[in-house]
Every structure is written in C-alpha cells, then in structure tokens.
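Comments concern the structure below.
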Amino acid sequence: MAVRQEEFVLNMGPQHPSTHGVFRIVLTLDGETVVKADPVPGYLHRGIEKLAEARTYTQVIPYTDRLDYLASMLMNWGYVQAVEKLMGIEVPLRAEYIRVIVGELARIASHLVATGAMASDLGGLTGFLYTFRDREEILDLFEMVCGSRLTASYMRIGGVAKDLPEGFVPKAKEFLKKFTLSLAEYNGLITGNEIFQRRTKNVGILSAEKAVDMSLSGPVLRASGVGHDLRKVRPYSIYPQFEFEVPLRTNGDCFDRYYLRVLEMAESVKIIEQALASLPEGPVMAKIPRIIKPPAGEVYTEIESSKGIMGVYIVSDGSPKPYRVHFRRPSFINLGYLAEMVRGWKVADVVAILGSLDIVLGEVDC
Amino acid sequence: MDDISNVSKITEPVQKRILAKIAAAHPEINVSEAGHLHVPVDSLTAVMRDLKENFGFDYLSNVTAVDYLEYMNVVYDLCRVGTPYMLHIIVRIDRENPVVPSMVPLWGGALWQEREIYDLLGVIFTKHPDLRRILLDDTWEDHPLRRDYQWMSGRD
Amino acid sequence: MLENIFVSSLNWLKNLMAAVELPAPLADMLILVIKLAAILGFILINALWLVYMERKVSAFIQGRIGPNRVGPFGLLQTTMDVLKLISKEIIIPAAADKKLFLLAPLMIFVPPLAIFAIVPFGKGMAAIDLNLGVYYFVAMASLSTVIIWMAGWSSNNKYALLGGMRVVAQMVSYEMPLILSMIGVIILTGTLNMNGIIQAQEKVWFIFLQPVAATIYLIAALAETNRTPFDLVEGESEIISGPFTEYSGMGFAFFFLAEYANVLLVSVMATTLFFGGWLAPFGWTFLPSWFWFIFKVYIMVFIFMWVRWTFPRIRVDQLMGFAWKVLVPLAIANIFLTGLGKYLFLS
Amino acid sequence: MFGKGLLKGMKITMVRFFKPKETVQYPEVRLPLPDRFLGKPEFYYDKCIACNQCVAACPNNVITLKTETVEKKKIVTQYYFDQQYCLFCGLCAEACPKDALKFTKDFELTQYKRQDIKLKFVNPEQVAKKKAEVLQAALEKQAAQEKQAAQEKQASADKQIASEKQAAGNEAAAGVC
C-alpha cells in the first residue's frame, strides 16, 4: 500500500512571533522542508508616498520616522539630505557632527534590535533582554535630544531642530564606555554559543554575485564579501573625517550577517567617540526661507541606513509641496530574494534567515 | 566641509567623462544638464544591457515611476558596486498604455520594485516573471499613486 | 524525631485502625490511599511552586525582578494564574476531534503521577516499594509521548500537527539514550529497586562512578521534558506553541503544570540514580533524609532552569542526529565499559 | 572542546543572576523625564493670537481653531486638539510665535471614554471673560476717543471763538481808521 505523500501549505504570518512585524510567508512544506515560499507584504502599507504629496517639505519629516522606526534618525537624515541637495543648502558643521553622532547611535540601536530579535527567534530569550536593556540607554539619549524615544523627527531641512542639551555629551560618553563591555557579553552569550552557531552557520548561503544582482544592501551584502558601504564608497556629510573600517565577512550565511552587525556596532562606537571629541561650536541651523520652495527639478540621494542603502527620490515643481517622493527602502528590496533563499531549508531555518535579513515592516510596506 | 569637496573634486570629472562616453556610445540618449540620461523606451533594453556589460554598472539601486498627467516617467538609478559613480536614467512613456520592458532579466533586484510600481502606478513591465500586486489587496482596482486617483479621503 | 515523622505518623494511624478492628485489607487499602493522596498533594503544590520559581529564576537571569505584586513577594502569582485560567472559556476548534481534544489535557497528568507512587522520598517513605522501580519509570515515562501527539493531532491546526510530529520524533529518539544510560547504573547495583539503588550508593554516589552515564541521562532528560535547548515541541518562535496552540483556559494550564511535574519527576530520578537519593552527603544525618532528598531535587531543577534561560533551540534534524549518532553510541560504550569493569573488579 | 561556548554562556547568565536588577517599579517609582519630553500638549489661552500657524504646521491637521471677531479683534472660541491623530513631533509648538502651545511631561494619555481623547482647551467662561474684556477695552477706547474728540471740539471751538473775536477786532480796527 503506497503511502500517499502530500505537501501542505502553511501560512507563516501575518501574525507570527518571529516575522518582525505584520508579514506573511505562504510556505509550501514537504514535512518540515520548504518547497516553495511566497512572501506577502503590504499589511502595514500606509501610503506614505501619497501622503507626502499633500504635505509641505517640513511636514513630511515626521512621516519618515515611521519608515524604519528602529532607526528614525537615519530616515530623517536621508530625506532631509535629499531636500538640501535639491535646494543647494549647506548645513553648518556643528549640525553635521550632531547628525553623525545621533545617526550612529540610531544605527547601534537598530543593530541591537536585530541581534536581540535574532537570538530570541532561535530560542535564546535572555539575549533579547540583554540587548534591549542596552538599547534603553540610547533611547534615553534620544529622549534628551528630541523629546521622543522612537520617532525622533529631530532633523530639519538645513540642520537639526535644537542643539544638544548640556547633559548629553557626558552621558553619551558614559554609555559608550559601558557599551563595549556589553558587546563582549553578547559575544559570550550568543556568538560563542555552539548551538547558536550550529543553527546559523552555513544556513541561507548568499553568494556575492547573487547579492549584487538582487540589489541587496547593508549588512546582508557585506556579509557575502561585497564591501559596498556608502559611508566609505560614496562619502556624504562629514564621514571622511573619521577613521573607521567597514567590517566584511565572506561566506554570506546567517551567522556572518548576524556577526557583521555586532562588528559594525563596535565601529559605530569608534565614530561617535571621534565625533564627540571634535564637536565644534557654532549654529545648528542654516539660514533657510520660512516657506521652503525648492527649484523645480528632481534629485536622488542615498545614505547608508542600518538596514542598507536608503535612497530618497524627490521631484519638485517649485511649490511648497513635493510633487513626488519615493523612498528606496532597503528592507523591501532585501526581502525580494527571500523566496529563493528559504527554498530547501527547514521551517526553523526560515525563522533564522528572516532574522538575519533584519527587516522592519514599517520600511517594507512604506 | 572641506573633505566632501575634495572627495567630490575627484569623482566629478570622472563622472562627467563616463557620461560623455555613454552619450557618445548611444546617440539616441540625450543628457540633461543635471546629468540625467533621457532614454527613449524602445532602445531601453539595449542601452541597459550595454551599461551593464560594457560600462560595469552592475548594481540597479532604484526603480521608480512618476505620473505627470500627460505622460509618465520611469526612473532607474544604476551604480557600480564599490565606486561612487551613479547614473540617473529617465524613460518617458505614454500614460494611456504605460508599457516598459522589465529589467528583471538584467538585474534580479528589479523584481519587487517593478511589482510595486505596477501595483501603485499601473506601469506594465513586459517579460516580468510574476507581475502582480504586492502591497495592495489583489482585488483593488485602479492605482493610488496616480495624480488623478479619486479616493474617499477621511481627513485630508 | 524529625527523621521519621511521616513513617511514625503512618504507624500511629495503622495502630488506630487495628484498635478499631477494621478488616485488614480495608485498612491497608486506606493507608495506601492516604499515602497516594499525600504524594498527589506534594506534586500539585510543587508544580505551582515550580512555575513561580521558574519565573523568578528567569527574571533574575535576565536582569528583571519577576512577579512581586500578587501576594507576599508574588507567591500567589501562580495560584491567581490558575484561577484566572479556570475562569477562561474552553474553546474547541470547529473541525477538532472533540473527544481526543478534551481527553489529552486530562491524561497528561497520569504518567508523572503514576511514577511518583514508587519514588522513595526518604528512608522507608516510598508509597509502593516496587522491586521493578526503574523499569516501571521507563514504561510510564514513554506514555506522555502519545498524549502530546494526541493533543497535536486532535486540534486540527497545522502548527499543532507539526508540533505533534516533532514530539513523537524527539521523545522516541531520546528514550533510547535515557534507558541505556540507566543500564549503566543497573549493572553496578544489580537491582531495579529504587531503595536498593540508593543503598548501593552508601559509600560513593554513582555520579562519580558513572559520570558519562550521568551527562547522557541529564541531556536525555532535558529532551524528555521538552525544555531548551530541545524545546522544539513548543518552539514559540517557530510553531507558536506546537500541540498546545489551540488550548485555552484549563486545557493549557494542565499542559503547563504537567511540564513542571515532568521536570520534577526527571530530577527526582536523577537524584535517585546518580546523587544518592535521600542519603545525606558526608554522613550529615542531623537533617532528616527527606530534607536532603528535596534539597538535591531542587538543585537539579535549578540547573534545568539555568540551562533553559541560556541556550537557544536546536533544529529538528540536528536533534535526531545528536541522539542517534552521539548519545546512543556513547551510552552503549559506557555499558560495555561498566560491564568489563565489573567483571574485572569482581574476579 | 565542544562545550566551551556553552559553559561561557552559562557563566555570563549566572554572573548576571546576582547583579542588581534593571526594572523600575513604575507606578511607585518614576524615572525623571528630560525637559524636551513631548507628552500631553498644553495651551495658554491668553497668549494665543489665533494666527493659525500651528494649524498649518501640523502634518495630520490635528488642531481645529475657531475664532470670532469682536470689535475687529479675533477671539479664540474653540481650540480642539485631536490627540488620537497627533504624531507628537512638536512641529506645532515650534511654529507658534507666541509659545502658546507647549508639550508637558505627562505621558499617561489613555482615557476611558473615546471622546475624552479629543482635548478641548477653551471653555466657554474663558471665551466669555475674554469677550467681556475686549468689549470693555473697546468701550474704554471709545470713551477715550469721545473724550478726546470732545476736547478737540472744545479746543477747536475755543480757537474759533478766539479767531472770531480777533476777526471782529480787526474789522473794528479797519473800520476805525
């Protein structure tokens, strides 16, 4: 009597503990092995690009926080930098330094969430708690600077909303000192753990050519050996003034994508230390007209956000409202390759691969 | 801000040289003064293949589209991995039947971006492996990002 | 006096019944019922206490404080949880297999309770001094596999089905190393009787004679009770909570408490087999034997909790590979060495 | 050795087991909030000059402002702040020229009833008082004007009498010679 075999379709999401938000993957499973995967985003689609067309340039800033809400400072920075390039505004030096400090803090906070979520997706809940405990301190620094922890809306076209409060620099320095100890703690608890390595090493291999062809970016790309970090490759703001390396890993598996983020956090600490040390005095806001009316034309600029290359394309028709705003969201494009990447792996690996891609649904659905 | 200027001092002339070479290689492209390449629709695939193979632009960073009511623009941004040079390519298409050859055969990265443009702006990409809606519900008619999209707006 | 407070009170009861000329079989039956009721009470209270202890230990490891609002130091937290769960509506999925769905939570408590009947809590304090003790333990322990699989199959939910298949694969393949590691101990003692094993450890505990068997036992015990790093059955981040996904209210509470009863059971067996049961270490008999027994059991439980909140989860195929390719050969080698050692030592 | 990483992980968790805990007992113990904290908005009625800057600055049109002109002076009669749509980005407080809108440190914004979410900052007595003030001020101004007008009339009348007398004087002089 032949045993009838049948594949069954499993809906992983939209409400699932480890899809990092409202995201569904329709998995066709043969037992535990994935035969076909069809990711379905769109549950968190708020139409930010349509809303932006009905708002003035400054009013769009609070919407950019809601893209990648784990690193809202970097999202502000990407948008604001595009408008400044369109209008040809030069941002004062102190504002650039503040942007670098606050942007790198946001990068650390975002990587902490990625590391913690990856550890908890694989079962190690304690790792999640430790990374979030350190992230709390960064959120307190943000609260001091801009008044809210997650959705900063701190940067303005031409500079930053307000100068750093006086208690900020000493508190930031103290955080950086304490943070290097906790980095060692993560390595001890998560990176060095043999079970974690067995679950992530050689899982979800991504070759360099495939990564470039699928326009992946950020830690996902650099873990496959492609050294494309905009802070070094196409420097913007004042990054050339700081020495830091871009960590690179070669065999492009889940472990490398995870470990690369831990290394990047150490680099960000270096950048912030140098930025805090040489913070110049001066204004934090360039002289800009009260009503911002950029000249007609279009611009596309990119910055290196924590998830990858965040591009902003703005078309202006000379009126105070942008004609068209398009956000190149790294998590959305990194997800494009998920369908092939999880094919042939187990359900438990789908969770590990999704965790290593580190997507945020606010950014995927825009 | 001296550092940025001396970095861009090096990249600016090279960028211009690349644009000049491309313009020479493809007479049908006209380069706008802002350095954008305006490519006609029918020669798009040939130009893009040439840019990828001969000029080494192996990374398609961004694909998007804009609705200008009389016509539509599809915009591509290419770059060479590891180098600061970027190309901004604009293709003008008719608004009534917006059809553009898909870039997926050349760059896999266009897969989801073109689906998003089809979903929100209604641009049809020929030879796209699976062109269907990605963000909106499959039963959604019309394309919201078009300028003449009527919707029962709650609070605007 | 404290030593045999339980044994003497039982004898006092026996004499009382003899004085009242109760017919002998009725008296014996009554004594047995009282013994088992006492054990049942001990386990249920322990299950409640272990839930609270686990939440406190996990909180302290993670830099939190844990429950401290309900009752003094949060002690009533678990009782309030159980009361809350009792008041919850029991939802049965539409296409579920009703009879099996409702039967599973009831039966999940049967194996652990059955095994506690033969556990020697102290000197002369085993409810039934079965001379097939260890054999009985292994037989009953394998029953819970079927019950969890019953829960997984009957709730007609894909995640539950996955969880059910995982429980069968995991429990069956980790029973082998569990049994083989016990055989190592049985060779030394020559008897299956629990008290006999404890007597044999008078001079030296078997943990020192059988260290390999002890580690294999502990790893297999972790897998038997579905705890991290082997908690694939209830892999929260993968298959939500496996077979227990569709259960709400008391159904879920039973599975939850049964897990802690199993943890208690497994650590009791570990103490009996490897850590000298109720024997006082270094001969400190000023404390009663049953105190030492509970003290050792709770050390074992603490180690289980400590392991749970440190390690991530292993994958299904790695789990199977580890059991069959590493633990089983190791256990067989250990048996061979023990046999050889005994033969050389005796002759 | 295979287990080295595992044991190191357990050492870390055991060391953390005895370290002081991070949790703050929220209702009893409250962490100090920085002064730029964007909590519940607060509106100073008398500072507001109804210039609608805040209404224009808000991305989600959260603020609705109704005015009434009394004696050519605008009085705010209604100032609704619909908190459920507010992004707490602080653009409105930044746009206000008179600092009439501030964000306090109160972050417990939940309400039992849905309509309480919509903050109504201006109550009728304030409006009535303001109106009365404005009317009163208008009256005073009017009275002052009348008085002033009366004085002017007075002054002009005197001047006129003086000039008539003077003119009469000249005639007399002209007539005489």
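Read from first to last, the chains carry the letters A, B, C and D; within each, the first residue is number 1.
We take it that a contact is a pair of C-beta atoms (placed from the backbone, for glycine too) under 8 Å apart; a residue touches a chain by one contact, two chains touch by 3 or more.
Note that the structure is predicted; figures quoted are calculated from it, not measured.
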Notebook entry, point to check: Which chain is the middle one, judged by CA centres?
Noted result: A
Notebook entry, point to check: Higher C-beta contact count, A-D or A-B?
Noted result: A-B
Check: Can you give the whole-Å distance between the Cα centres of chain B and chain C?
Finding: 64
Next item on the list: Round to the nearest whole Å and give the separation of the Cα centres of chain A and chain D.
Entry: 39
Checklist line | Inter-centroid spacing, chain B versus chain A (mean Cα positions, whole Å) | finding: 23
Check: Could you state the distance in Å from the CA-based centre of chain C to that of chain D?
Finding: 68
Next item on the list: Check each residue of chain D and list the ones that touch at least two other chains.
Entry: 6, 9, 12-13, 16, 22
Margin query: If a residue has to touch 2 or more other chains to count, which residues of chain A qualify?
Written below: 126, 130, 133, 189-190, 193, 195
Item checked: Contacts with 2+ other chains: residues of chain B -> 156
Check: If you look only at chain D, which of its residues touch chain A in the complex?
Finding: 2-6, 8-9, 11-13, 16, 22, 33-38, 57-59, 87-91, 94, 103
Margin query: Could you list, by residue number, the parts of chain A that touch chain B in their complex?
Written below: 41-42, 45, 47, 49-50, 54, 90, 93, 96, 210, 212-217, 226-228, 233-238, 240-241, 297-298, 300, 302, 309, 311, 313, 315, 323-324, 326, 328, 332-333, 335-337, 365-366
Checklist line | List of chain D residues in touch with chain C within their complex | finding: 6, 9-10, 12-14, 16-17, 19, 21-23
Notebook entry, point to check: For chain C, which residues count as touching chain D in their complex?
Noted result: 57, 59-65, 306-307, 309-311
Next item on the list: Going by the contact rule at the top, pick out the chain B residues touching chain A in the complex.
Entry: 1, 3-4, 7, 11, 34, 36, 58-62, 64, 66-67, 75, 77, 79, 81-84, 86, 88, 107-113, 116, 120, 134-137, 144-145, 149, 156
